[in-house]
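As structure tokens, here come the structures.
Below, chain A partners chain B and then partners chain C, in two separate complexes.
Right, the complex of A and B next:
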């Protein structure tokens, strides 16, 4: 089973067991991880599931698409090199992912 | 359909606490209920929060048959034609294209940039109320004025035109009390004005939404006036009245709860975000008005048989979300009957979810947060100076007057 480690803005960590094929966003929503809103449900039209992916996972996910890139530009918290929309981060069986939730999504 | 006693649906207004208990029993009993609407026939209304999210995330539920007129929209009133031409009734890929263009202009980042001017304008409005003194009407002098200013500035309506823009835009509001003919005239004038403004922004773009949409055609996308106008209209119709109602409701809910007001006053800026979400979820209940069950968002149509939470929604059937029940689902909301401005885990669906989630959500949230925080920071002694007035002739029963003093 995949596992996601969410570091929240206050520094605390939440560890959640995920379903393979679910995204980091959907896993957060299903488990009530605060700070990830995912309001559009993964349609790349709200920029409210922004996360910073730990550098150790560089290359584990498909690259940022043009649409994702556009939305990251207009996220509430300024983007960084490690920024992703977590609806794009689909988990494989056994995968463990560490992400940091930004200060604000709105 | 036979229902377990105490789980009837729809149900008429009862004291708010009883309504919350009723929703709890209903949700324990079944995920959804098929209801015959006053217009447009039957619709499944989904009560459970998780099932509702499932429906809102499933592309097999579409709105095209409503847009094309193939079938009528099951709703409380005959659905206004001019709304059928808006984004709400488009499906992918056309929806995706339009939505992205608009969403970039009402993005979280853009709305954060507008926050400073919202704070300044809220304070101007409060200055005005303080200067006039005595008993003030919070609906007219604050809750309606803030969203229209924000909307004009987002769209790019020049300040010299704001007064007439406000008159046209508020024409459909209950507080305006206008006849159908007057409303029709105002809407036609508003459409003509917006068309002209779009043309001017094509010539001479500024940093506003209409300019962004008018010039989208200069990139790889193209938008015609006929596409831009309905977007402007849905923002005006959806963004003004609803935001004002949420803000008035939030203020009244806080005035009715000494305990929650005291909590909010300890840190209005810090608690504005959670308080705003709680107002969206439960504000109406917390005002002390009776509550009932029986309505939903604009429906979808199933393109094939879909089983949701064990219930078959057959191909061609309509389905909608009972967002009041979904916001009081005990399996996702702890103590759904309590009004708690510090609630952090608040998965209500008042602004919907998925493809068609509220286009103006970031703006509505910001205005609600700013509107509540600035008011209670400046006037911590705010109190009711009479009973609020509601318009029962309109579907949403908006508050038309809220007398306050301090």
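Right, the complex of A and C next:
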């Protein structure tokens, strides 16, 4: 099973076992990880699933699309080089991912 | 906090959010979430999109994991339809005879698809789309037909039309109003979307009304007959003409209903104690400054009203306020709407920065009240925020494409 390590804004970490094929966003919502809202259910319409992906995973996910890029530009928490919309981060079997949840999504 | 027994009837988008928020806010009594469908709460938006395309399995639609309910001690009861409610005595009865006692009751029963009262509406192959079972039937049949007629040019109908057309099915959309998505977007946006659907090979007939579905003599639909005599071949018909709130239970329980369970800004029904949320509720418009009443059918409303309703339950009531928003993915079109426009609101159409984009900002006098976007999700986010904060955007700025909307809204001098 894939595993996601969420570092929350208060510094605590939550580790969640995920289903392969689920996104980092969906895994958070399903398991009640706060701070990721995913208002649109993963249809790239809301930008409330912003996360910072740990640098060690650079290249593990498909590149940022034009829409995602534009949306990250206007995300509620300023974007960084490691910013992604987590509904785009689909987990493969056995994959382990470390992400940090930003202060605000709205 | 000692909070008593909470019963939530309807395990959909709103019900799932309500139990999550109630626990988060400290409701510590027993919670039962009872749903008539055999599935744990799931998201409906993919039913007309990714699920129909075969890109999302049924299991992937669940809104929360099984562990989520278990860990929060929410008793999720599936496949039980509540048929009787007695709020004064705190009793609910399911069709199976099973009973619940409750101290607080939340109705989150959603809506049912409206059907057409025309001849042949009950023929085999005339379908509606509301739940997973409907979507499974639609997906199965779509794979085997050449001609689909979609009756109703609203969100759900157009989403299915786009999905089917992309899969190679010949699709005709029949809409009675003069333009598509008539109640939700202005004529400019409707025109843009219609042109795009035509380009994708969908036949769109507006101002057209079906008067009869015809069968093959063995009970299966073969054609749709329109008021002007036009005859459309149809191996399959999807009727997407809106939804009716499921408020019969509430009405029978003596709660005021008026095309939905009538609630106030705290989601309280006419007895001042029962709550109703989501598609089944008739509520005060949450838009700041508005004093009309309405029904909203969207994920945004189901989730945000549920969150506000949870504050009522735990005795720290906050009124439900916010700028409603909607999205609809129709094939290559990502449509997003922020705010609620009224029929007379004028549109300032802003040319998109990229081909395929469309932005219409809706004005009531000089005030921006709503906005419609096609394939411009970042602009949507910026304007939604401006609407929520009441930040002004003049008509001139809206039409001025020398600067992105983001700059027009951020760049104002302090």
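Everything that follows uses one rule, which is that the second predicted complex is superposed on the first by the 106 of 106 C-alpha atoms of A that agree within 3 Å, B and C clash if a C-alpha of one lies under 4 Å from a C-alpha of the other, contacts with A are read in each partner's own complex, and residues count from 1 in each chain.
Following the convention adopted for this analysis, a residue touches a chain if its C-beta (ideal position, glycine included) is under 8 Å from a C-beta of that chain, and two chains touch if they have at least 3 such contacts.
Quick caveat: nothing in here was measured; it's all calculated off a predicted structure.
In the superposed pair of complexes, A:39 makes contact with chain B and with chain C alike.
In the superposition on chain A, A:47 makes contact with both chain B and chain C. Using the contact criterion defined above for the overlaid structures, shared-chain residue A:105 touches chain B, although it does not reach chain C. Contacts of A:31 after superposition: chain C is touched, whereas chain B is not reached. When both complexes are overlaid on chain A, the residue A:86 reaches neither chain B nor chain C. In the superposed model, A:70 lies in contact with both chain B and chain C. After overlaying the two complexes on the shared chain, residue contacts for A:22 are found with chain C alone; chain B is out of touch. On chain A, the surface patch touched by chain B in one complex and by chain C in the other comprises residues 29, 32, 34, 39-41, 43-47, 67, 70-71, 73-75. Interface of chain A with chain B (complex): residues 29, 32, 34, 39-48, 67, 70-71, 73-76, 104-106.
For chain C in complex with chain A, the touching residues are 20, 24, 43, 45-46, 49, 60, 62-65, 67-68, 71-72, 299-300, 303, 327, 329, 334, 336, 375, 377-378, 380-382, 385, 406. Taken in their complex, chain B has these residues touching chain A: 53, 56-57, 96, 99-100, 103-104, 107-112, 273, 332, 344-345, 347, 351, 353-355, 357, 361-362, 365-366.
Residue ranges of chain A in contact with chain C, taken from their complex: 19, 21-22, 26, 29-32, 34, 39-41, 43-47, 67, 70-71, 73-75.
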